[in-house]
Amino acid sequence: MDSIPMNVSGHFNYWVAIFLMMTGFYVVISRGNLIKKLIGLNLFSTSVFILYISLGKIHGATAPIASETFHLYSNPLPHVLILTAIVVGVATTAVGLALTARIYEQYGTIEEDEIRIKDESL
Amino acid sequence: MELFIDITLLTFLCITALAITVIRKLFCAVMLAGIFSLLSACLFVSMDAVDVAFTEAAVGTGIATVLMLAALNLSHSREKCPPYQPLLALLVVCTTGAVLVYGTMDLPAFGDATAPIHHHVAPRYIEQSQQEIGPPNFVTSILASYRGYDTLAETVVIFTAGLSVVALLGIRDRRGGQSITTDRSAMKGYLVLRVVTKLLLPFIFLFALYVQFHGDYGPGGGFQAGVIFASGVIIHSLTLGRDRTLKAFPQRFLTILATAGVLLYGGTGLAAMVRGGNFLDYSVLGATALAGQHLGIFLVELGVGVTVFASMTLMYYAFSYRKEA
Amino acid sequence: MIHLPHLAHLAIWQVLFPLLAAPLCLLLRSGRLAWLIATLASWASLAVSVLLLRTINCNGPLTYNLGGWPAPWGITYHVDALSAFVLLIVSAMAALVMPYAAKSVSREIDVENHRLFYALLLICQAGLLGIVVTGDAFNMYVFLELSSLSSYALIALGKRRRALTAAFQYLVMGTIGATFILIGIGLLYSLTGTLNIQDLAVRIALIPTSAVGHRTLITAFAFLTVGFSLKLALFPLHLWLPNAYTYAPSVVTTFLAATATKVAVYMLLRFSFSILGSRFVFEQLTLGKIMLLPSLAAIIIASLVAIFQYDIKRMLAYSSIAQIGYMTLGISLNSHTGLMAGILHMFNHALMKGALFMVMGAVSYRVGSVYLNDFRGLGRRMPWTMAAFVIGGLSLMGVPLTAGFISKWFLIEAALETGWWSITAVILLGSLLAVIYIWRVVETAYFNPLQEIEDDEHTEAPASLLIPLWILIGANIYFGIDTSVPVDMASWAASALLEGTMR
Amino acid sequence: MEITAIITALCLVLGSLLGITGGIGVYRLPDFFTRLHACGITDSACAFLILSGLMFQTGTSLETVKLLFILIFLLITSPTSTHALAKAALNSGETPLMEQQQTQQKREER
């Protein structure tokens, strides 16, 4: 069993989600613009949501709402978790944006390096 | 066919994500982020997560984009070139990604029905939730009852975000002495827009109510309804002027609503304790367990909807009033 | 003890008092009343945590099914020795900080934000308590975000503009950490299909080491560890902490320094001992060796950096990073004594850092800022405050008859057990460095008189600041002399953790 | 049955073609207003065709009504948004290509 399960079509979804996650992560840590960082954070967390939802999917199943014609449903638990996580994500974004707006008022810029210069010059 | 849709959407997602990293205009980046979340909402639909897709479309594409644009309005809209080569960042990201890929090697294949995730806890939700709780939408049952406590915390999270944004930006009620007709934020020159908005608003609010009360049977629920209701108010404020909106939904009223929503949720839990159950055990609320669950879910969904609506609207107020204050 | 229909409901009241008092604060019209509600709620919460501790002492771990749904299907509250201990730390600190807040907040926060401030502080407390009391991995994540979100806003409410950038930095790093934790929990969930902590432990133990799933387990653990390390500011990931603690309002710094990082340590302990099992974590993943180096580096480097700070709040923030190093060092030694020393240090560090940051609050209440120069002549002007600083500082160094001594003692004992002398040397060096940075302040305060003596403006801080401060100082001395209670608790918690899920 | 399937297919193919045309238009056309025109095609005709194609498949059920509502909503909102966009562009100083050419011609005539 230790041979790598090279089932590319089986893991393709996860890997794309990971690629998206890492793109978001990269934007967060490499960009100095505060709003860009927040966009990156959004990207990062949305891609994690894609990973979670991928875990809950079953081939040939349908949305987890009881009906008479279907009997195989995808796993509803990841959906619930991600519903909560989406709310948490937007809450964080909102607070971050409010901070950004205040920072712009106080510093006149939202670039990290310019803020640092202004702090040091004091 | 499903695979084809999946691959197309994933490709689009990758292109959008890469575009976001490259583009310097923040306005474009925000719009692309909106597109990204709309695409991921489509992907969620194709992976059967209709409730999640609904929320993502309403929140990620709607509210988050609106808030970002509002914040852009308060600051710069162009990003500076980074002064250094972010090689270290690239290294960190590649390592993290590699570790994650290594971790997914052992995961069951995508869509595999024999994965452990589908066989331990989830079957009870699917097989018994209709007898134990009632709603045909399993997601609603889990969200409001089995894991209702998470949802209480989630409601408090959005309430906290509302509080935080208001604490940081403050909302100044400028109506004193100023008449509504002189409000410059109203889109005076856009007659068509104003007429269409007035025409549509009742339907938007009606749709929000439908989503709120139909969540048991289809995708939807308090959270999505609250967001839709809030977006109705945002459109109202954009086209008809902030002052008019502030008159219809004053800040104090919204604060009380947000609080009331949280307290309604918590109060439902406390009521269950008073009647001898555990916290949030709705079964004891009604004559039968099912009736109790029904009542409990109705109340907590209402609490969620009210809090989400009020908090989102407060946040929007805070951003949109900042500029002139 | 207002609402106590059944002891069984204790666990949920622990969180409900602050959680539901927060919206109540907003409904009131005056900040004064909001403060009253907040204080009462935090005291009620303290009462609950004391009762909870006693209940568990008699009856063993307590489980409470939220919504009446049994364990793997619903969310369960599970309180054992460790969580009861951490609950006590958090709620006791909150109960002391709230009365302290009345004066300090009225000086440092705009009047219109008072109600919001108390509401956010209560939510932060509820979030921290919720993390500790829960028995469900995902619920822990939600409450983690709840406490983080409110602390970002609380930090940003500081007077200086750098508070904003500090809060933003914390927000970005905190969210990255939380997302890592989310990934980790997701991977664990995908392996087992459950989110309940005890159920996770049982089902993970069934995964044999060489079989499919093992790699996912390792990855999940790696992501969780990095996420928690970000939250607890372990050495290379500590960058958010100094700014956040320096520029936050005094009350917030006091509360967060005394509780937030402890709760992060708690999460690390919970995941590595109760879910994955100590043998798996330490013998196969060598967590001990991985954590050892950052811990030692934290103790030395952060202490060295602290010596060169002129903003004393910042100095104490760096000192906090060093002290966190002691806690993780205790954990990484992988022995009963080490673990116990780490847990004990969580308690003692809360006592001493709480007291020291309260001193900062009192000084900035009278003087306005806390640069080293501001301390000149304070020994005579604010004798009680500065005496508290001296005792708190002694405890930080680990002088006998103070609480700090006890945890260092056990830590050294644990280090000697492993036979690595170098670790002992580092612990002692860390204490020596603490002597230097505390001495700088003491010297300025007592032996560096102010040239021009102004009017009697800089007099002693008001009683409402001094009483909570001296309660903490008293605790520092008391628990340095009568060590039985915290040591027994920590030892009990450590044994429970080690026995918890052996594999 | 056969006929509805064919009609659906026709509608969907035609709608998709229009959608692609709109996309190409946005990419290729020279200025803001002409691009807006391309968008308009996607918004109205493409959406209309695809939604009506779907309605043929659902028959008479609740889904049909929902689709109809979506259609009506789109038919009201997308022209409005196009109109608002055009007006906003005019207000912010964007001049249509035609007008630019006319002013140029006038200048040349002088």
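Letters A, B, C and D name the chains as they come in the text, with residue numbers starting at 1 for each one.
As a convention for this text, contacts are C-beta pairs under 8 Å (C-beta built on N, C-alpha and C of every residue); 3 or more make two chains touch, one makes a residue touch a chain.
The structure presented is a predicted model; accordingly, all values stated were derived computationally and were not measured.
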item: Result of counting contacting C-beta pairs for A-C and A-B, higher pair; value: A-B
item: Whole-Å separation of chain centres (CA-atom averages), chain A against chain B; value: 14
item: Distance between the centres, which are taken as Cα means, of chain C and chain A, whole angstrom; value: 28
item: Rounded Å distance, chain A centre to chain D centre (Cα mean); value: 32
item: Junction residues of chain A, two or more chains touched; value: 5, 21, 25, 29, 55, 77-78, 81, 84, 88, 91-92, 95, 99-100, 102
item: Shared interface positions of chain D, touching two or more other chains; value: none
item: Contacts with two or more other chains, residues of chain B listed in rising order; value: 100, 104-107, 115, 117-118, 121-122, 125, 147, 150, 153-154, 157, 160-161, 164, 168
item: Overall pattern in which the protein chains touch one another (line/ring/star/complete/other); value: other
item: Touching chain combinations (by label order); value: A-B, A-C, B-C, B-D
item: Complex contact set, residues of chain B against chain D; value: 189-190, 192-193, 196, 199-200, 203
item: In the complex with chain C, residue positions of chain A that touch it; value: 1-2, 5, 21, 25, 28-29, 34, 37, 41, 44-45, 48, 51-52, 55, 77-78, 81, 84-85, 88, 91-92, 95-96, 99-100, 102-103, 106-107, 115, 119
item: Parts of chain C lying in touch with chain B, wherever the complex brings them together; value: 5, 9, 12, 16, 19-20, 22-24, 26-27, 64-69, 72-75, 112-113, 116-117, 119-120, 123, 126, 130, 138-139, 142-143, 145-146, 149-150, 152-153, 156-157, 183, 187, 189-195, 203, 212-216, 218-220, 222-223
item: Interface residues, chain B side, partner chain A - complex; value: 3, 6, 10, 13-14, 17-18, 20-21, 26, 29-30, 33, 36-37, 40, 43-44, 47-52, 55-56, 59-60, 63-64, 67-68, 70-72, 74-76, 79-80, 82-83, 86, 89-90, 92-94, 96-97, 100-101, 104-107, 109-113, 115, 117-118, 121-122, 125-126, 130, 136-139, 142-143, 147, 150-151, 153-154, 157-158, 160-161, 164-165, 168-169, 217-219, 223, 308, 315, 318-319, 322
item: Contact footprint of chain A on chain C as seen in their complex; value: 138, 141-142, 145, 149, 152-153, 156, 161-162, 164-165, 167-168, 171-172, 175-176, 179, 182-183, 186, 189-190, 195, 210-212
